[in-house]
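Chains: A, B, C, D and E, in written order; residue numbering restarts at 1 for each.
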Amino acid sequence: MSQLLGIPPQALFGQLLLGLINGSFYALLSLGLAVIFGMLNVVNMAHGALYMVGAFVAWLLLTYAGVGYWGALVLAPLVVGLVGLALERTLLRRLYKVDHLYGLLLTFGLALIFEGAFRHHYGVSGQPYPIPDLLKGGTNLGFMYLPTYRGWVVAASLLVCLGTWFAIERTKLGAYLRAATENPTLVQAFGINVPVMVSLTYGFGVALAGLAGVLAAPIYQVSPMMGSNLIIVVFAVVVIGGMGSILGAIVTGLGLGLLEGLTKVFYPEASNIVVFVIMAVVLMVKPAGLFGRER
Amino acid sequence: MRGGSPKVLLTGALLLLAVLAPYALYPVFLMKVLCFALFACAFNLLIGFAGLLSFGHAAFFGGAAYVAAHAVKEWGWAPEAGLLAATAAAGAMGLAFGLLAIRRQGIYFAMITLALSQMIFFLALQLPFTHGEDGIQAVPRGHLFGLFDLSQPLTMYYTVLAIFLGGFALIWRTVHSPFGQVLKAIRENEPRAVSLGYRTERYKLLAFVLSAALAGLAGGTKALVFQLASLTDVTWQMSGEVVLMTLLGGMGTLLGPVVGAALVVTLESYLASTSLPVPVVIGAIFVVCVLLFRRGIVGELRHRLPGMRRRRTDRPRTGS
Amino acid sequence: QGAAYSDGKIKIGILTDLSGQLSDSTGQGSIAAAQMAVEDFGGAVNGTPVELIFADHQNKADIGASTARRWYDVDQVDAIIDVPNSAVALAVQQITKEANRVAIFSSPASSDLTGKACTPNGLHWTYDTYALAHVTAEAVVASGLSSWFFLTSDYAFGHALERDTGAVVESQKGKVLGSVRVPANNADFSSFLLQAQASPAKVVALATAGADTQNAIKQAAEFGLGQSGKNIVALLLAISEVHALGLSATQDIMLTTPFYWDMDDETRAFSKRFFEKRKAMPTFYQAGVYGAVSHYLKAIKASGTDAAPDVMKTMKATPVNDFMTKNGSVREDGRVLRDMHLFQVKTPAESKAPWDYYKLVRSVPADRAFRPLSESDCPLVKKM
Amino acid sequence: MTGHTGDIILEARGLTMEFKGFVAVKEVNLQVRRGTIHALIGPNGAGKSTVFNLLTKFLTPTRGQILYKGRDITAMKPADVALLGMVRSFQISAVFPHLSVLENVRVALQRPRGTSFHFWKSEETLRDLRGRALELIEAVNLTPWADHLAAELPYGRKRALEIATTLALDPEVMLLDEPLAGMGHEDIEGTAALIKRVSADRTILMVEHNLSVVAHLSDTITVLRRGEILAEGPYEAVSRNPQVMEAYMGTGHA
Amino acid sequence: MPDGMRTTAARTGTAMLDIADLHGFYGESHVLHGVNIDVRQGEVVTLLGRNGAGKTSTMRAIMGIMGKRTGSIRFQGHELIGMAPHKIPRLGIGYVPEERGIFSSLSVDENLALPPVVKEGGMTVPQIHALFPNLKGRGATQGTRLSGGEQQMLAIGRILRTGAGLILLDEPTEGLAPVIIEQIGVAVRALKQRGFTILLVEQNFRFAATIADRHYVMEEGHVVDMIPNDQLHANMDKLHTYLGV
């Protein structure tokens, strides 16, 4: 057992890298949540389920339509986004006038339906999804063996995160979004169709979840319950980062991935709860989260 | 109580029904309904009368079940002592949760309670006394006050009924107490309550602790009824379930959670022996309730039947 | 004579998981297996019809317990069979004793069911954690792989497996070089796999279950654990899970099971029938349900009554023989003794047909596979 | 309330409030004399409500000091300020919508009793407050509404209810934020008269746009503009101040 | 409530904007009680009235961002009541709200670029900078960091970019220093010269008198009078009673 006690620095390095990989998943998922919360004030409890749907769509495309990974990478988020759009238009929209908590409850119910329906149809064992040929294999970095696919996941999700951040903070469309978050009425009075923008935002937010699902499919078994446990952690990430803060979601996602990675080495039993401990501490010191604004 | 004879009659009829029920229906089922009804009522005290949505109430319910089961099984405590311990433990947990969460509102409050309850879940999985995923099994029911043999189904039933009625009465009293008045005022307009000189955080905290303790009482009772305490009761899905019961029955109505709990428990036990996917049905009910019947069954009834709406002071907060 | 059966009916309840983690390896397949057993028995015992009912315990101990109670109290169920999920099984064990009926556990793992939680009314049919640990450790060490590293689910099931397996490894002069406790429902194993990879141990043993095992196996393949000379041993793995993961992820993994469809003519015959119903080969859990139902019906027929004490006595006195069980026996603590087998998963190249997944490494006879009575903490067992 | 009029009961010194670099209130020195009606006027966004929020501790000032009866209350919590006898109303009507009018007032009346944490007592223990509550309701002409939910009141009546609720606490200092906003003519007169009446034994600081009422009621007027005090004094003086005309009243009649 | 009087002056020309019997509500409170207003192409028209008279509400009703409204608002032949709020500005109506509505999460440049261009002939950014020199060189500043007056300029400037032919200005001089008010007066006259039509809410009617063609006076949610600018002096007493100053 002695190897575990004195961890050589390279091994630690490997663990940090893995933490970063996980963190990029957290970042991608919490980014979607943050976008949705920022614009719609809805805590999207269905996010984990839609992440699962994203992975399943990829699998279905492969199994029944012969569409491979790269096609799925585009199509699955699109499908999930359209599902989100439909949900927003038909259901969520009716709740904006009442307490935000009803949005949370509605999406909670939707999550149950999605997960239950997939479980009913496809069972729980999950489905295998192969790593695409281009990304098979790995590199021996000396201190660890890094599967190429994992490297791709980090790169892809960081790219999407930064892209989203850029789109929201640095473009015209992003300016509309930010302005509409502050004062939707006035933005409407400038001739911008805010309701459509809100729908699209929700669609985009859940499409991010769908994308995360496709990225996850080759790593995890594609199973109906894959999102339900992850989502609670992602919520904690968003709360720590500050609800609605884009940058907060990204930075906290990565940071917590790293921290969790370290915990897995030094005290693995606690690695599932470290996020919640950090959350409690952060909220005591900064009630609005690390990057959040007091509302 | 004042409030016209129809109310007295209704109360009497319901009581009679509760007393006679075990002769018609299966007692364990009834006891389960009562446990969940008390749990939902306790939860409703918070959401319906203080406007706070806790998404972590399973921690109190399930946590207290472990405490009761352990005290009775391992320490050989009498059932009443076990229940007391469970209630106190849940109250203490509520105090800890409350101190952390109560300053936040709405969604933040919900998320924080959710996260805290996840900690309790992991503790329940890890601590040796909980026996991990096997739970504490074969908990003896013992003799209440050393006199009544609780292994007799009817004795157990009437004990559970008494506990439920006690808890319900306490909630009723709380809602209709000076404290309840302030609570309602805070729910309606917190800044105004502050400006009148109420330290609203303390009131909300007390409400939270009360609600947690009663949820604990329900959980402890359930542990005795089923003679086990397991992880099921501390999962976040259980927190969601109690929200569903309350929503379905009617938030902020006293009887609503009872009706909601009875419905959900019946539904679950019915669905167990069909091939319908349980979560889908539950989820669909959730969605329909949120979209169409936000007032819940009892709430809608009261809204529709003019005779019942003499005073609509128990309505939940909506809007912003 | 039909009159000897309490309510003119033999009623068997299949309490199983129809929606949760275990629903693929038990669930509808368990029900189907039970139906096959009843049909094969002719649908009646001495003229008394056999009725089968089922329910989903949703992996909740309280739902399982209340279903069991209602079945006994209201529905006059005579025996409950299957019960995946140890927490539910332990609760049902207790209730069955109080109701004085019969429970035959074919799917749960916990060896406590015939240990400190044993009752005169319960049989533990197919396997248990002790057997998995012992058979795997003994057989793997005997094949020359003696240094071990554990990936252990951080709850009672995982702890028990690691403890029991580790003890056997060391008693066989093997070495446990390290272990890491994996939190439950943890989808990402990369960090733990890396720790395993860094260890010089030859064997990486997965003391995990369900989705955890699947994700661990999938990611072990991704991180090339096999290529780096590690032998992966899954302490609990059902064929449905191997099927779901595919051979490229599972190849070369070693696992212990009491049943594989392609062992002999009898297993193949049963499995073929089962496959026609379910479009999947039976798991060892489901095969166990068939055996349990058959044995119960045989005992009822032989004893001419459905009164639990008599039936239990007959079941314990009768040797167990069915398509999967050769010379099995039921011990006084309720443990069914049967041969267990260590298999290795074939490589995609070795696999010749769909579901052609396993090759036998070695078998361990019934008397060596299970916990001896001398070590038992079952209160029913009178110690000298 | 025996304090002689004339001494300073509420004072702000160098009060400054910044919101993320935006200075809403800047170096405001305000002295409210006991027993007077003091009006705070100024264009929208001048910082009147912010000053109110600062004085009643709903906001914490960036800089400056607040003294109430000579005591520094800058670091106090809002509820504690109310307990000291300084109670406010809100600009946007602040009633408890789903309590009845009677209950609205009673919630305020029950506070000094100290039984407000008693969840085991019956509501009936509050029954004896009914008389006093009805008196207050009568004072603002709400008697016919007493058993209605506050939500059912027309806007102007809600403002009246708010005043009744505030009065229930028998505050030494009342801060009224636009108490007449949204009221019809007849209500304005009645409410203005009510304010005058209740001011007899207390101090009132109010924000109000209705200049004729301000002129009629107030002893002193402070004009705020862009967070700063522009002018202060009796109505006659202030209304002739050209700066005030320009910034607030308009220069058209000069 | 008696109906507001109908103006005859506007009836003669073609009204660009024609508001008839407009009622408006905020939730339960009924704040506009039958407003009648006409504005012709190229005119500068003011709404005068005390605080709370309903001037802002009238503008919000035109823009369709008020809870509920009934009656008729016609703009160049289009009926605005019932139209989706985001379509109204696209007809060529620009709105500068009372509270300015500068977005704090946007920089000055982003604020300026925010409203989409709806018609040809809007000002370019250099032209706006020439009109309001204070905004030059402040592009990267956070919008709400600007002084109140500068925010007002920004709010007007961003609407000028859009090319909207009718501009609703709600109290553009509120809280502004006299110099800036003067500057805005210059700007409004310049706009008028370029053919813009302007509906202006003003408390400061001395300022209004320097730029407007006609004045509507509102009280308690309806129009009580209409005074052409050249008759302002003759009507000074009346105005004093209306406005209470």
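Annotations for the structure displayed:
Operating definition for what follows: a contact is a pair of C-beta atoms (placed from the backbone, for glycine too) under 8 Å apart; a residue touches a chain by one contact, two chains touch by 3 or more.
Keep in mind that this is a model prediction, so the values were computed, not measured.
Least step count on the touch graph, chain A to chain C: 1. Think of each touching pair as a link: the shortest run of links from chain C to chain E has 2 of them. Contacts with chain A and chain E are shared by no chain at all. In this assembly, the chain whose C-alpha centre lies farthest from chain E is C.
Chain centre most remote from that of chain A: D (centre = mean of CA atoms). Work out the mean CA point of chain D and of chain E, and you get 33 Å between them. If you average the Cα atoms of chain C and of chain D, the two centres end up 74 Å apart. Note on chain placement: the centre of chain B and the centre of chain D lie 41 Å apart, centres being C-alpha means. Per-chain Cα centroids separate chain A from chain D by 48 Å.
Within chain C, contacts with two or more other chains are made by residues 19, 154, 183-184. Chain contacts: chain B has residues 122, 126, 277-279 touching two or more partner chains. Among the residues of chain E, those in touch with two or more other chains are 104. Touching chain B in their complex are the following residues of chain A: 37, 41, 43, 91, 94-95, 97-102, 104-106, 108-117, 119-120, 232, 235-236, 238-239, 243, 269, 272-273, 276-277, 279-280, 283-284, 287. Those residues of chain A that touch chain C in the complex are listed here as 1, 3-4, 11, 14-15, 18-19, 21-22, 116, 119-120, 123-128, 130-131, 138, 144-145, 147, 149-150, 218-221, 223, 225-226, 229-230, 261, 264-265, 268-273. On chain B, the positions that touch chain A within their shared complex are 53, 55, 100, 103-104, 106-108, 110-112, 114-116, 118-119, 122, 126, 236, 240, 243, 247, 277-287, 289-291, 294, 317-320.
Taken together, the chain E residues at the contact with chain A in this complex read 63-65, 84-90, 95, 97, 101, 103-106, 110, 113-116, 118, 162. For chain B in complex with chain D, the residues that touch the partner chain are 170, 173-174, 176-182, 184-185, 188-189, 191-200, 202-203, 206, 210, 311-313, 315.
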